[in-house]
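Here chain A shows up in two complexes: once beside chain B, once beside chain C.
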Partner chain A sequence: MTHQPLLLRIVKEPMAVSLLSVLILAAFLVPMLNLMLPSDSAFHVPSYVVTLLGKYLTYALLALSVDLVWGYCGILSLGHGAFFALGGYAMGMYMMRQIGDRGVYGNAELPDFMVFLNWQELPWYWYGFDSFGFAMLMVVLVPGLLAFVFGWFAFRSRVTGVYLSIITQAMTYALLLAFFRNDMGFGGNNGLTDFKDILGFGLQTDGMRATLFFLSAMAVVTGYLVCRFIVDSRLGRVIVAIRDAESRTRFLGYRVEYYKLFVFTVSAVLAGIAGALYVPQVGIINPSEFSPANSIEIVIWVALGGRGSLTGPIIGALVVNYAKSYFTGALPEVWLFMLGGLFIFSTLFLPKGLVGTKAISDAFEEQRLRLAKFLRPYDYAEGGEGR
Partner chain B sequence: MLSKTLAMRWLVVLSVFIGLGFGSSTPAHADEFSDAVQALNADNNTDKAAAIEALSATGDERAATVLSALLNGTLFYRQSDGLVVLSKESGNVTILIDPSTMNEVADVSGSEAKKIRINNKLRGQLKGVLGALTLLSKDADKRQNAADEVFKANDPSMLPVLQKAIARESDPDVKGRMLRAQAAIILEYSEDTAARLKAAQTLGEFTDPDISALLGKIANTSTDPEVKKLAKDMQDSVEGRLAAWSFLGNLFQGVSLGSVLLLAAVGLAITFGVMGVINMAHGEMVMLGAYTTFMVQDVIRTHFPAAFDWSLAIAVPAAFLVTGAVGILVERGIIRWLYGRPLETLLATWGLSLMLQQLIRTLFGPTNQEVGNPSWMSGAIETSTGLVLTYNRIWIIVFSLAVLGMLALVTRKTMFGLQMRAVTQNRAMANSMGIRSGWVDALTFALGSGIAGMAGVALSQIDNVSPNLGQTYIIDSFMVVVFGGVGNLWGTLVGAFSLGIVNKFLEPYAGAVLGKIFVLVGIILFIQKRPRGLFALKGRSVEG
Partner chain C sequence: MNKPHASNTILYLDGVSVSFDGFKALNDLSLYVEEGELRAIIGPNGAGKTTMMDVITGKTRPDKGDVIFNGGVDLTQLDEAAIANLGIGRKFQKPTVFENHTVFDNLELALKGHRRPQSSLFFRLSGEQQYRINEVLGIIALTDVHMMQAGSLSHGQKQWLEIGMLLMQDPDLLLVDEPVAGMTDAETEATAVLLKDIAKTRSVVVVEHDMVFVKSLDCRVNVLHEGSVLAEGSLDVVQQNEQVIEVYLGR
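Now for the complex of A and B:
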């Protein structure tokens, strides 16, 4: 195993390089094209497209988080939508508090739905959400804590495989039911909406939309780097070993449950951040985000893109969601057939996903070799092959 | 045709009367009964109430017919002369009948006959009066209903009729109900402490929420301390018995939910337990079964309406065959490529479930389809204690146990069952003994799917048949299988019924949603203790 710095290792991978540079480029270019060009210019990016792309990018981050646990540690979580939604709710609660007395009922102390339900005072768990810093802390802490507690119990008692998948599904289902209840104090069926601004900047302004897009793109890049750092580390090797032969890894003396717990918690935090970026861009968060079907759909983004590679899920999430937006608009009848077919097709014929298909991986392998030769010409000089 | 000629005849008669100079607007018969009937066509409700009182006081047996017609809105008056008539549907013509003679009057066009209007207060009075009148009826069932009506109305003016009826009553059951009605009236309206105490004592022997409410009212409002105390005691004893009955009711609800879960989960237990295949499309197999029922009923309705009661008997094997065939296709087409990769199977079958849902939605539309109950499944056993056991629920409990029993027989006593168990325990060894494990897999999957289809037939009787039917059951059935343990029919049985019963007993305290959340959290915690369910497989196959 080489001990080169992270960036140098990534540079040697053409696929990662291409993807990351496209993301970074887009992070700067799209807001610029949106804000600086007049709206009749051919290169102008309309605001709704900025928001739509921003939404896809938060999905990409979510897919990345699922890939970290599933692709690298073999834990198929069918409940990652719950962490995403919890992050979103934390962000939503902050934005609800920001509305202040601009709501329909003009109550400075209580959000509209609480006034509507005749509540007299703010429940204790809403305290602190008027501070942006506290809310951001909760975006990370709440999904992380849930994942930690859930994982603590599940991994210690060695719940694995499909059993784990099913109880993660039960977890998100239970949360779905809970958040539907009005008494929970999270807006019940309607969820949280009617947001006005973040830190005093209006959500509807082009500047805010562009900023959120920029943040989402950078979050995906950062998420990639974090995941990359984890899976390339010594710890990452153990995690892959757990995926491939859990019992053997345990017998070698590794405390399997702690490794799993670590990855699961990190992954949940990433999902929570994705949720927090998602909510201001779509303007609503409601309990349907907890629905088990949503969580399974995330898995298919990863499966299609290619699990066990960090570029795959990002590509998968972007491709599937673009297709979804297109087909649900153009041919709504066909979309579920396509999505269903995608599940079957990618499990049967693309076990390694799009990035793992021979055509694509060969093309990039060629690039990689060419790059390697360029960087270290002496290693590849005649007779020097296979140092 | 008949009514038309009759009408002609009456027109002739009428013209003769007019010709003879009897053109008066009052009807011909002038006795006490007809006067009372005629008085019903009064201008205001106070007069109508008096007329109802008078009509019931005549004690005439025709009074009940007229009064119930008034209650049902089939009592009319002729606009020309104000004659009160009953209307009766005969085929698709409405004929009008003179209540005094029970002869047809004339077929008056709709605009000529006007309905006699009543308000809710009059309706209440009518119900009570009718109850009292039918207390003396010859039919025991009618008397029993009347006694219940009188009890509900709790009107002291009925006491004399009631006492007369009690004196004449021979049927002990009906008499008991009459005594209950009498006791209720005495307890509430009598001034005599001794009689009231006795009445409270009588009422205390019944188990009925209404009586508990009445006793509670007396206990709170009575000024007589003795009555007050006894009413309170009696209420407590009634409440105690009611609680026991409601426990039974909950138990039935729980067992019923359990049987539904069992039906939905048992097919899953086979595919999951025997083959290690997570079939997320299992719910859609249930849905296909329900749609098969709909199709079968549709054909029967249009071609053999008389055989409708047999529709389920045809639908059960039909659903088994349809979903079983789909199961074979799915196994041969998709699942057999994914053995040993349970998580991939989960995803592929999820995709399949989305496609099946959309297929049904495209073919049948997204709305609910109408599936009827055969006559032997509608209705319920009701007791006076508030316990309601609907026949369809009872039949589903029976059906679920029958399915489980058949399945146990198939796995234990048939060649196929033997091969199935052999493949479960050691696939390689079974192969070398000459068992074609590929076919066993396909048939096992078909069996699991077929059972899901039969579950769909049962569920179509109690749930909406829509493309989303399967979705509502899939998570619950997984919970049952995971809770009960894989590869064991007993586990599924115990799992289904315990989840059903726990759910229904939590509901009154926590509400339906919170109860369900508790159950889910409970299962998540339970899995920590017993990661392989209640009845876990032991030994080598565990790690497989």
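Now for the complex of A and C:
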């Protein structure tokens, strides 16, 4: 019922403001500290850290996309890794074409793996990927289209709950098997790698790494704003209504399947963009990205951070992935147990995730009230709550 | 119980049968409601009252029979959303409101029109619509709690909120399933007054167990038993009916 502009609404929420400011600040500061300071300075951020943080940020965007469908619309997708991987493959195909004749076989017409397989010409579905614009279009279009078609059938047939989760899992598993096959033309088991550059700028240069980090941070901020616009709108209230009482929503005259289709498709597009930013930073895309376990891991990030809030999944993805990097280095054999333990722990003790814990939400609530009083002192003159 | 022509009715059920795994939930049910009428449906558990609601609102397809709305629309061909948008509102047996939304937002979501995703993404409440919501808040006596989450309302308040959501839909026909279940006597009385008031401008079908409440509605009553209509008439008349006494009232 509030018709304030989006930014004004966000400004009133200390948690969102803090997170977005940190992200925007980092988007500028991290590349600057990396590029401008000499490497022996105490404040210098090494390039590998820039890339690592950039990777976490793409995971944060992916978590945000899962939260939009799961946290707000109750669709527990266990196949979002597929949309992420498809976005990544689209980006990878562009970068493969950019290699040109600099591959091992020096074939300007065909990527190395096709030469290796004795293919004579480029398959039709690789056409157009020489163009950056076309590839970027595919980053958005391919995951979006798959989600649309998949959702069209699933939601129209009123597949819900655990059954929907299972078929999303089946979808990503089917894609995993398909992409493993050499004759699919996507590099089979090895996937796509040995990338050289994007738009002529070398992938290994510090400038490119910093740029990708910047873009990843800004993509998370933009993704947050897009999701925020959606969930604050009346459409957002309808999808929450669907989550809480689907048949009631139907009897009010809403076509539940259209709403689900909308958020599912938007979510898949966000996941695809995250994948496209991920691949150049890690330098490879292969079918393992489709593995069902990956998709389940995303759900853990969201559950731990706090589903149904937009800050939660971002924080969850960053925290869990930082922990993963740390523990897979320090105590590699215990990491999977920890991950499983985290999921059980958050399900049992943190139903609203980290951002929903009393300590954190109280601290931010206090800030919010203080801010609100500062902005609208008259509403609070009687000592009332105001709104 | 003369069979009227469908075109003279708001709701026309004729020879409707539904079976689930061989169990006949509705058995050749015929029921006719005139425009502007308030009608009560009573019957023991398992008589088919809720199944009848499901058939009318598109949740269950009948095996055979005609279900016609407003003199000519065949409801058996439409789904829940289409039927709701035609102007049939339904209140569930168990009060179902959107617990995580405020009372105000519950009513806003029920507001007539604006059902497509693209229009709801950019929707803004007009002054007129805001006025209507406030009006309904007054009718259902929830003005003071309009910013509260619906989940924190009392049981009776949830029942009223759901009736309020029906009013926001501005339907021609309201189907109300056990509106006073779990209400105090005072709330029950107030609900009877509210429904009678609503029935002045719309057609209302009420399913209810509470005899005192049905009596206070002071309207025609159908007694359902084993999926068909056993008797029809005023409550006094049906209460005298031998068969009705046997299956229902005399237990």
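Assume the second predicted complex is superposed on the first by the 382 of 387 C-alpha atoms of A that agree within 3 Å, B and C clash if a C-alpha of one lies under 4 Å from a C-alpha of the other, contacts with A are read in each partner's own complex, and residues count from 1 in each chain.
Note that in this section a residue touches a chain if its C-beta (ideal position, glycine included) is under 8 Å from a C-beta of that chain, and two chains touch if they have at least 3 such contacts.
Computed from a predicted model, the values in this text were never measured in an experiment.
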item	value
Touching partner for A:D244 - first (chain B), second (chain C), both, neither	second
Larger contact residue set on chain A - chain B or chain C	B
Which superposed partner A:I230 touches (first chain B, second chain C, both, neither)	second
Partner chain in contact with A:Y258 - chain B first, chain C second, else both or neither	second
Partner chain in contact with A:Q169 - chain B first, chain C second, else both or neither	first
Partner chain(s) touched by A:V299 [first = chain B, second = chain C, both, neither]	first
Touching partner for A:R158 - first (chain B), second (chain C), both, neither	first
First, second, both or neither for A:F148, with chain B first and chain C second	neither
Interface residues of chain A shared between complexes with chain B and chain C	247
Of chain C, residues touching chain A in the complex	57, 59, 80-81, 84-85, 89-90, 92, 96-101, 104-105, 108-110, 114-117, 120-125, 147, 165, 169
Touch list for chain A against partner chain C, complex	1, 3, 230, 233-235, 237-238, 240-241, 244-245, 247-256, 258-259, 262, 387
Chain A partner contacts - residues on chain B that touch it in the complex	278, 334, 337-338, 342-348, 350-359, 361-362, 471, 475, 478-479, 482, 513-514, 516-517, 520-521, 523-525, 527-529, 531-532, 543
Chain B-facing residues of chain A, complex	76, 150, 153-154, 156-163, 165-167, 169-171, 173-174, 177-178, 180-181, 247, 292-293, 296, 299-300, 303, 333, 336-337, 339-344, 346-348, 351
